[in-house]
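After this come two complexes, each holding chain A, first together with chain B and then together with chain C.
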Partner chain A sequence: MASEALGWWGVPLAIIAGTLRGSAPFLLVSLGECLTEKSGKINLGLEGTLLMGAMSAYAVSYLTGSPWLGVIVAGVAGMFLGLIHGWLAQQPRVNDVAVGIAMIIFGSGLAFFLGKPFIQPSAPQLPTLSLAGWTQIPQLESALSISPLFILGVAIAPLMQWFFRSSRWGLLIRAVGDSPDAAKAMGISIFKVRMASIVAGSFLAGIGGASLSLFYPGSWSERISSGQGLMAVALVIFARWNPVQCLYASLLFGGAQAIGPALQSVGIDAYYYLFNASPYILTLLIMVITCSPKRTLTGAPGSLGQAQE
Partner chain B sequence: MKTAVAAPQIKTAPPELEVINLTKRFGTFTALDQVSIKVTPGSFHALLGENGAGKSTLVKCIMGFYTPTSGKVLVDKLCRDIDSPKDAHHFGLGMVYQHFTSVPAMTVAENLVLSRYDSPQWINWKAEYDRLDAFMATSPFQIDLRTPISQLAAGQKQKLEILKQLYLNSRVLILDEPTSVLTPDEADEVLGLLREEVTAGHLSVLMISHKFREVMAFTDEVTVLRKGKLAGHGYVRDLTVDDMAHMMLGEKTEATPVEKVAIADSRPVLELKDLCADRDNGLPAVCSASLIVKSGEIVGIAGVSGNGQRELVEVLAGQRPRHSGDILVNGEPYQSTRKEMARHQVYTLPEEPLRNACVPHMSVAENMALRTFDCPPQARRGWLLSLSSIRRMAEGLVQVFSVKTPSVDTPVGHLSGGNVQRTVLARELSSKDINLLIAANPCFGLDFSAVDYIHSQILAARNRGVAVLLVSEDLDELLKLSDRIFVISGGELVYESPTAAADIKTLGHKMAGH
Partner chain C sequence: MRKPTFQVTRRQAIRGLLATGAFGLTVKLSGCSNSPTAAGGNDTLTAGFIYVGPKDDYGYNQAHSEGRASLDSLDGIKTSEEASVPETNAVQESIRSMIDLDGATAIFATSFGYFDPHVLALAKDFPEVQFFHCGGLYEEGVHPNNVGSYFGYIDEAQYVAGVVAAHASTSKRLGFIGAKPIPQVLRNVNSFTLGARSIDPSATTQVIFTGDWADPVREAEAANSMADQGVDVLTCHVDSPKVVIETAERRGIFATGYHANQAELAPKGYLTGAEWDWSTVYKNYVSLLQEGKTLMNGGIPHLVRGGFKDGFLKLSPFGPAVSASAQQAAEAAQAQLISGELVIYKGEIKDNQGKTVIAGGKELGQTAIELEQMNWLAEGVMGSVG
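Moving on to the complex of A and B:
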């Protein structure tokens, strides 16, 4: 463990390290969901997409020996699931939450079915970038090595913010999500814009899956996602549909996830499972705090989750 | 990063728009039959007609939303194929819709840039703002570019819709009832500024309207449609309001005269004391509203939509919790429970009746029984429904209130707007000892004869001694029906006057929040 030689200092260090390691899937999935929801559709199926991405990335990396190819295939597998969701969720009078739940089951089922042969073998992992070149302490070095996918996510967040503000496509997506009637009057195809947003969002979620299986925890098993895809949806609400705030929220969730292991590493085993449950408790708390029958959320796209006539 | 440069705003003369023998059929239904109309450059043209006369179909054919079954659209004397609003824009035609088409969460500038058909892929906001400022300087209306649409008042939103078309360099503007959500002052301002642009020869305008006052004051020419056919055309200077009404309605139909009976012993029925209510977002919508409605009296509440009327009616109807304050009916505290409604005989005609007062998938008979199904004779022993007596009651009401429905078993959602309103009216006014009626925009979107019918029913109820609270965005309706009139602005009742003594100018100023 990273913190053995550092004593109590190891706890915050382990939490920081765990945050840097564990928040990449949250970040990529929440950015994908943010893009999707800005266009007015909810994609709960990103949990399935995440698993599918994790499985396909691991499988391709094992079979070809190239983890980067695995990352790309994970994204493509995500786009494939996104296409299905985008088409189904836009049929008349179809509820996108119901479709999303079906897609969770479909995506995870498909991933488990295809992923059976890849549970045992070990696949080449993604290279890591070290932030700790300045230190000689091996614990710090291993703690501060980060995934290139995390850096990708950190770069995408402000880019997406700028995209929503200063690009024609970004304005179109916001228009479609906020007021489909207005968009229709401008001659915009709502179907195409939403389809593109869902597919692009699913691509990001697929890559998030690759970060799970090719970096941390760095293996493929059926319990690998433990609901992170669903939590990322809650996180988008918490972040008020703002990509940069998605980044902060992801770090918070990633940090919450690291509390349990960090305390265990200094020998606090009591309440281990309770601390491990902190991301879920955080999700519930956010839902309770943000939900009120008397007011609507500021920043929510106007037509979010409404079925087409 | 390449940023396309918008064409400079040159005020060219508008093209001539002509429609020749246009016919549009939907299946077997002929919506437009051989209609011709000509908008000469630099003229303000009004298109009049009742609901369903084909006005919207005509302009939608011109704008390329619909493909005409036969007939031609000419721009500058050349026959044009217009298949989409984009094509129409290419020929200098632009339409302003009845409903706002701006995206509420975006700023004015973002909406303007987005509306451009040639807007660049990457937007350089500094350059765009420079250009937009220059455009604003030459435009007839001024709106702050950085304000989000959701914070604009209705009048400003309507101005923005028109500005959008000017920004797109449209030279022939088609306006679909542009003043339906504006106060009289706002309407005069918007139309007056457009009139100046037309007189200066920069624009032609084709305006769909119901309002004779605006037609007389601002337009040059008028074309009237009736039941899909051309019913008349002329220059406004040669016509009177009666001539136009005659063309619109065919045979001379007089509005049923309003006769009010004075009620001898009137007592307070509804009393609001410092009533406060919140919007969906938790901000105050109604602030300390206090008023009294007596029996045999219609109290009108005027105001521009979005000033708290909806929330006020929802509180009274039991759809929204109040924040604070008291409601007294017949002197007793009133919580809008079903029990209290039945005991005090309180009835409601909410706006959007299909959403607020009906179950769309249930039949006309079931909807008409929503108030009474749990009382005898429709419920035996308090719980067993007698479907036959529900049907019988509904058949009677359909007759009396002339609801046009294939049968009482038809789902109410299949009826037209006017007949849905009649169904609700039948249910709410059928009780013998009705005591209090709360009506909100009861005639919104209905045609002349339906409006007349509903007005006469409300008046008849008043003359029977019912206390009526009438909340409406239509000032003419309030001036015609109500005995006393209040103005609501920003959630407060800012003005009260007996209707006979009310001054329309003052009402307009109060509605606009001055």
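Moving on to the complex of A and C:
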């Protein structure tokens, strides 16, 4: 059954495997948030969207037997939450951070409520793509079984970069985010552009939730996200609103999740609370390093977080 | 100022926000479902059950909920239950409404962290209501008279699971995913290992602590890391073993379950599992209560504990990968535990630092207080409690 132990090689392998397995939710949520924030609005509610996506994907996959349908429904459920956020957060003098916090509570509450009957059943999982045809080592084979949603995220990152830089629609979003007044003078509907960005971003976050419940760890429970949605929002700041850097940052966070268990499995027992906390410590460090009162953040959309008068 | 698409007054916006927030909060905070089971007569006893997580989690809470469900068939007892109640003031609110609204006179608080300060505080406010807490923390003279505690020696079942695991393993490397290094978890790790080493003294158990009772991603990481290290039988002590058992099955290694029966999650690799059998415990309590006995009049003991012999535990049915000899050895071990011939903690036992923790010739029975304060890992366990 199992082959030889890998010993110390297990640690880098586990981190690589953890990166490939665990970074998809970070990646999809942070890309969604990147799109949203480029248009000048913050959507903190993506933690709730992630849970809602995870629940609806699992439920639909279980009820219909088709995990792909589950992924689509997760995206649609995300869009539904995005619509609420997009509408509420754009009312005059409404603070989008406050709405986002309400949406975390609303999204997760709704997911927990509707998800109660689906905690126990086992839903069909997404197929895996194996990149390990060349190796006979079972550990490597397992590590290189990749989620199709991860590949989707990796493909979206450079596409989104290109979209922002070179496409007319990308320019519109950036214009609305950087200088709403100028965009308005051009005759662009700020409301519609922001609504579209928030809804599209929430679609991606919903799919990120599907990756949690239908691939890894591959089950629905109320503790499934453990704050990943919020970390992904922080990660966008770290990545300076750049989609390709979101990809790198997500890989880093996915790998950090694997450090604690991997070190314990080879007998490094000391400080495992510290190693287990590494994704959170990383978030804090990033915040400390990137936030300075003396300078504004480069790359931040000009009107980010400002309420409309 | 832009022309708004929808014209909404400030008052309407605030009302909308409040409604959204309130709805979200209600949905989040109310995991409540009352299930009255018998028509309430005057002498109907009402018991309230509170769980820390969802009641169908393939784990600790499901085991308690199944125990509660076994009371449905009895006459003269009505139960109400509430799931997903966190170990905060929320549990006090839940208990209060069970007493005030449902008329509960016996409360079964099933999570360890409910006891201090929540159950203790309410026991003072409601001296006529009896509080039964799962976790065995009651101390005579220190805690109120209307508080009792119950707990099972599930490490007996873990010992038997260790016996089965050692038979099934080819690498003789077993894995244990624990939540936190507290005495109950360490005792399970040690009993599992001692059971395995009673079959093959060269067997070792790698232990990984995730640091949290429920953290699916880290549990899956831990299971994968151990599979990479050549561990071929996994078991765990977390609130819901679902992710661990499913990950083990996906990696093609064996698993033994915990809390409840997880056989259907791993049809190929599930060997057996250490399960609670709370139905016996709850039925006993109910029949004592119906006889008019209480904690206060001394009719019900404040501390109720037991193992296989007292019907607190059961083993999951053996899976297809369990050999006939393994089954025989497991059944023999179980029979010896019931008869008392087999004492798990019998000297000499060394910890994994080489220090003798139980001297040669000394036997610590299940009730021994030393075992409840366990802070060491037995020889053959790879890991540390620090």
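Here is the rule we go by: the second predicted complex is superposed on the first by the 304 of 309 C-alpha atoms of A that agree within 3 Å, B and C clash if a C-alpha of one lies under 4 Å from a C-alpha of the other, contacts with A are read in each partner's own complex, and residues count from 1 in each chain.
Note that in this section a residue touches a chain if its C-beta (ideal position, glycine included) is under 8 Å from a C-beta of that chain, and two chains touch if they have at least 3 such contacts.
Being a predicted model, the structure only gives us computed values, none of them experimental.
Student: Look at A:Y280 in the shared chain and tell me whether it touches chain B only, chain C only, both, or neither; answer first, second, both or neither.
Tutor: neither
Student: Does chain A have more residues touched by chain B or by chain C?
Tutor: Touching more of chain A: C.
Student: Which of the two partners, first being chain B and second being chain C, lies in contact with A:G302: first, second, both, or neither?
Tutor: Touch partner of A:G302: chain B, not chain C.
Student: Is A:Y248 touching anything from chain B or chain C once the two structures are fitted on A? First, second, both or neither.
Tutor: neither
Student: Which partner does A:P261 contact after superposing on A: first (chain B), second (chain C), both, neither?
Tutor: After superposition on chain A, A:P261 lies in contact with chain C alone.
Student: Is A:S167 touching the first partner chain B, the second partner chain C, both, or neither of them?
Tutor: first
Student: May I ask you to decide whether A:A182 touches chain B, chain C, both, or neither, giving the answer as first, second, both or neither?
Tutor: first
Student: Which holds for A:W68: it touches chain B only (first), chain C only (second), both, or neither?
Tutor: Neither: A:W68 stays clear of chain B and chain C.
Student: Chain A residues touched by both chain B and chain C?
Tutor: None.
Student: Quick one: which bits of chain A touch chain C in the complex? Just the residue numbers, please.
Tutor: Residues 1-7, 10, 13-14, 17-18, 21-22, 84, 87-88, 91-94, 99, 102, 105-110, 112-113, 116, 119-120, 122, 138-139, 142-143, 184, 190-191, 216-219, 221-224, 226, 228, 257-258, 260-262, 264-267, 269-270, 272-273, 276, 308-309 of chain A touch chain C in their complex.
Student: Residue numbers of chain B touching chain A in their complex, please.
Tutor: Residue positions touching the partner: 84-86, 97, 99-106, 110, 113-115, 117, 119-125, 278, 280-282.
Student: Along chain C, where are the residues that touch chain A in the complex?
Tutor: Per the stated touch rule, the residues are 1-2, 4-6, 8, 10, 13, 16-17, 20-21, 23-28, 31, 53-54, 56-58, 62, 84, 170-171, 173, 206-211, 214-222, 224-232, 240, 242-243, 246-247, 250-254, 264-265, 382-384, 386.
Student: Taking the complex as given, what residues does chain A use to touch chain B?
Tutor: Within the complex, chain A touches chain B at residues 165-169, 171-172, 174-175, 178-179, 181-183, 185-187, 292, 294-296, 298, 301-302.
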